[in-house]
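After the structure tokens below, expect a handful of questions from me.
Order as written gives the chain letters A, B, C and D; numbering starts at 1 within each chain.
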Amino acid sequence: MKRMLLAAVAAIALSGTAGAETIKVGVVGPFSGPFAIQGKNFKAGIDAWMALNGAKVGDDDVEIVYRDLPAANPAQAKALAQDLVVKESVQYLAGFYFTPDAMAVTPLLEQANVPMVIMNAATSAIVTKSPLVVRTSFTLWQTSVPMAKVATARGIKKVITVVSDYGPGVDAETAFSTTFKADGGEIVESVRMPLSTTDFSPIMQRVKDSGAEAVFAFLPSGPTTLGFLKSYNENGLKGAGIQFLAPGDLTQESDLPALGDTALGVTTTFHYSVAHDSPENKKFVEAARAAIGNPAELSFPSVGAYDGMRVIYKMIEATGGRQDAAKAVDAVKGMAWESPRGPVSIDPESRHLTQNIYLREVAKAADGTYYNKEIQTFANMADPGLAAAK
Amino acid sequence: MSAVFEVERLSKAFGGLAVTQAVSLAMAPGDRVALIGPNGAGKTTFVNLVTGHLKPDSGVVRIAGEPLNGMNPMQRVQRGLVRSFQVTRLFPEMTPREHLALAVLQRQGRTGRLYGTLWSMPEVLDESEALLRTLGLEAAADRKVAEIAYGQQRLLEIAFALALRPKVLLLDEPAAGVPQSETPRIEAALAGLPADLAVLMIEHDMDLVFRFAKRVIVLAAGTIIFDGAPGDVTKDARVREAYLGSYADDRSVA
Amino acid sequence: MDADHPASLAGQVARPRFSASADWIGLAAILAAAIIFYLLFPNNLALLTRVIGIVMLVLSVDLVTGFCGVATLGHAALFGAGAYAAGIAAAHFGITDPIAMIAAGAAGGAVAGLISGLVVLRGHGLGQLVLSIAIVNLFHEAANKAASWTGGSDGLTDIAPSPLFGVFAFDLWGRTAYGLGIALLVIVFFLLQRLSRSPFGMLCRGIRQDPIRVAAMGASVRKTLLKMYIISGLVAGVGGGLNAISTQVVGLDSLSFTLSAQALVMLVIGGTGSLYGAIIGTVVFMLFEDFVSAANPFHWLTIMGALLVGVVLFAPRGIFGTAAHLFDQWRRR
Amino acid sequence: MQSVLSIAVDALAYGMVLFVISIGLSMTMGLMRVVNLAHGAFAMVGGYLASYAVRDLGLGYVAGVVLAVAGTVVIAAPIERLLYRRIYNKPELIQVLMTIGITFCVIGIANYLFGPTLKTIPLPAMLSGPVDLGFRSIAAHKLFAILCGLAVAAALWYLVERTPFGVKLRASVDNTPMAAALGVRTKYVYAASFAISVGLAAFGGIVGAELLPIEPYYALRYMVTFLVVVSVGGAGSIGGALLACLVLGAIDTTGRYLVPEYGEFFFYLAVIAIVCAFPRGLLGKA
């Protein structure tokens, strides 16, 4: 008790003399539970940024306050955000792995005078819910539309889509189908399967029976992707020459060791590969791997978090550490930089990231590990989802 | 006097085995009848057929002239056909007073009420108190049933049934499991049952049967083999055969 | 409340005066706790309001599990139905008055209670448990499918409750929501206390202790339980409605098996069969969870598990149940 | 026709995987009357140990499986001794609370030790390729799972119905004091059957790992499925569990083939129908 008191006095004394403030950033993400790996990646990205750029902006210290939200739970997301703002006095909200959680928090921002930097949640509409939202991740439209282009370019005419039956799955399906059909392709069937599906053999049978030349699939990253890809191989779809098309969630780097040879040769479109070849990425991967502990666990949410921190630092700089959400957001509109994933910029109108999307193929490196090898670039993609919604 | 309880040619077979065969009997208000029979005679099945827990293959049960066919056990209770259990079935965490109050409320159709406590229903408490006194349960009235003596639980079992004001009461071995020292209290309670109530007691203890019943019915292999005065029952050849001989062997023939 | 009839036998009966005054003490204790929490944690009102919503759910579980002995792992169906009913009323029908939204929530909960009851009460033991799981999963899938009404997995947003009584707005600091929650909790608690002492409450306790005996006295076990399920739905629905108002969003998690299981766990931690147990269990579980998950967002689940095991080992009747039991023994000496 | 056959094979494989994992739970719940929600946690422990042994230590598959099953039983033994023994014959809700607590702890510890990523158990060459059935190809490990399921069913039936241990077990279950009075050391019988059930869970976790991949949340993710299997089959009935797995596997697989978007509805409506029609499970004892 005495020590705590002393520390408090010291803190007050210090802040008095230095004139510096501690600026708190509240980060909400899945740090436990079934999606813990993604939360861990948030933290790795943030740690990497702070390791490379220091924990200070000007005179102000930056402190991260983590809150755990194991699964999509908008009510709790809102309660946590409220607590962060009211109790912890955070000046910035960040993180948010799931769309509903982010959606639930947007109504608070104006009143709280807090900008929100979304480091993952990937439904297009979130940025329209509040002018104080900035997103440094991606949208499913962004990652799915290029796949439709790839399919057309490969001369594929008939595709069956198979997605998990929830918001992002439906988004991916719509994005792919709309684009593919506009380019003259045919969607022979659209299958939506419950999230809880574990045995995909019957689905694969359906794919086989549909007569499609390729299957476009979306499932949330994690345990089910393994079963899905295995079923694809084992039910002879791969052998029958039915191509596998998917956004990069299915081959996220942290799943690759488990997927192993099963995933070899699978092509996906995504905004970030840990194997992206650039000095910026080397620096990032080194720092982030040190932060996460097990290098194999590093995957895409880390880069969203890393760039999110860059944006937040810029905001702090622009406002001089004072709480002014509108000014902070204005300061990053149009901001452009070289991200570990490639060149990116924040679209001033949508406040979403314009970035390159890459076509990648799972390959085996010399040391026996697997990685997403970039083979084609779709440069400077804005979010087609917002355009489509208009 | 007209019969309050009638059973007419009640029959039930499980597979090929006829467990109850054309059993008929009639009871008037105030009757004290004992139903006895060797093990496996079909007494339990008979009781279950009457209470509606089993569906008879044929035959009719009537209360005050009204046939009970097609009624479920609850509806039969509401018509005035109430039973007690051979092994006490009471609510271990409730007191005797609460038991009786609950039964009274049930009889009045008020157990669905969502408001009001017992203490706001003096007439219910009065009636419960009266029953507690009749059966000499005042001392145990406010203790949990799980904590009172077994003999008192047996008395409460009877009181509980009476609180429903039945027309016909089926008592299933009311003294079963009660220590010798406490049986007189049970017998006293039985002697004090309302005069207009028709009571059918299923019992093994012949002493109790002779003291209680004015009429004895003997069931063997699913049929009534004797129906008459207690004094005659031991003299009846068929009864002797049922208990002492090998009557059961013929059951499969029937 | 109670008529004093000196002439009647009831007047001579040793009336347990203790329990009636305990009711008022209990209500006062809730109010006092509400104020103390408000003063101690003025910045945690969002969490505290959420706790109140869940308290209603746990009370609702207590009604069927603690009072009637029906085990359920699907009670979130009732809570979620209430939340969605209130949310849909606001988002699709423009019914933004908070009181009306609570009413919609209660109605939605009651309907869900009726449906759940009709199915769940057909089973016994493990089968009953599985039926309740099936029900909550069906509700969950239905809400996921009806995305145009419920927002599907993105959650139902655009719920903007108008100020309470036209004066108190639901703002960031959550004072209005907290106040509304406490008021609702006190009302619900008062009514449930009355219910638990009513003839119906007695009958329900009878069913838990021996359903066959209840049937043998001519009461319908099924009808009684179904009625309790509907009442339970009302209570859970009020909690769901409160949550919809205070968080202004309804997600599929409110219809999840996970929430159902948590609610049952909270109840058992507090102590089944007692309204206080339900409240204490929820408050302890949720505040403990909030505390350990903030202290260690990465590995708090282990500590949570240890808490549950600890409760079984050292307070097998639940926190309130064990305390009451010890108090009882102490008084008898 | 080919599709129908194909679906049937998938259903059989899925059902048998469920069976191997769930039968242990059916035993604990039916014979020992413990609602053991931590059953999935033990299956997961088995999976982790096997993955560690085969992948990281480089042991052979068979050695790895044997070691993992034994290891899981060794881990479970002190838990049985210290925790489970206190909840035998306790109310169900207490059992639920205790076993959920244990599950949480196991998840937390697994997450801490092995990290949140998926773990696979490398299969030997014999089991990893596809096998041609004539009308379709099927993964060899699925055939292996089917065979394991049949073997487990037969072995358990023999153990319970035909051995002295089975007699003691059934006696202890029917009437513990009576069995104890007759000289059966019920404590040991319980411990032994608990060990068997845990060992089966671990074995199931390993054999089923291709379908239900091993990760920390495994313990909760599939809990409901296992409970459903046990209740539909009737707790404690080997034949019932087998039948339930085949029926549920068929319903689930067919549903997901015919109406994938309503697969969940299909499955749970079927569960409701079965439980209502057979309140004690398909082959449950009254």
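Assume contacts are C-beta pairs under 8 Å (C-beta built on N, C-alpha and C of every residue); 3 or more make two chains touch, one makes a residue touch a chain.
What you see is a predicted model, and the numbers here were worked out from it, not measured in a lab.
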Clusters that remain linked by touching, chain C excluded: A, D | B
Of the other chains, whose C-alpha centre is the longest way from the centre of chain B? A
So what's the Cα centroid distance for chain B and chain D, whole Å? 48
Quick check: how many Å separate the C-alpha centres of chain A and chain C? 37
How many angstrom lie between the centres of chain A and chain B, each centre taken as the mean Cα position? 73
Averaging C-alpha coordinates per chain, one finds the centres of chain C and chain D separated by a number of Å equal to 33
Residues touching two or more other chains, restricted to chain C: which are they? 141, 299-301
Where chain A touches two or more other chains at once, the residues are 32-33, 36, 40, 165, 194
Going by the contact rule already set, what residues in chain D reach two or more other chains? 108, 111, 261, 264
Touching pairs here come out as A-C, A-D, B-C, C-D
Taking the complex as given, what residues does chain C use to touch chain A? 41, 43-47, 49-50, 141, 144, 147, 151-155, 157, 160, 171-174, 243, 247-254, 258, 293-294, 297-301
Chain C-facing residues of chain B, complex: 51, 73-75, 77-78, 82-83, 85, 89-94, 97-98, 101-103, 105-107, 110-120, 122-123, 125-126, 129-130, 142, 160, 164
Contacting residues of chain A [partner chain D, same complex]: 32-34, 36-37, 40, 165, 191-194, 196-199, 201-203, 205-206, 209, 222-223, 226-227, 230, 234-236, 239, 254-255, 257-258, 260, 294, 296-297
Listed in rising order, chain C residues that touch chain B in their complex are 1-3, 5, 8-11, 13-15, 20, 194-195, 197-203, 205-206, 209-210, 212-213, 215-220, 224, 227, 231
Spell out the residues on chain A that touch chain C in their complex, using ranges where they run on. 31-33, 36, 39-40, 66-68, 71-76, 78-79, 82-83, 85-87, 99-100, 103-104, 107-108, 111-112, 123, 129, 165-168, 170, 194
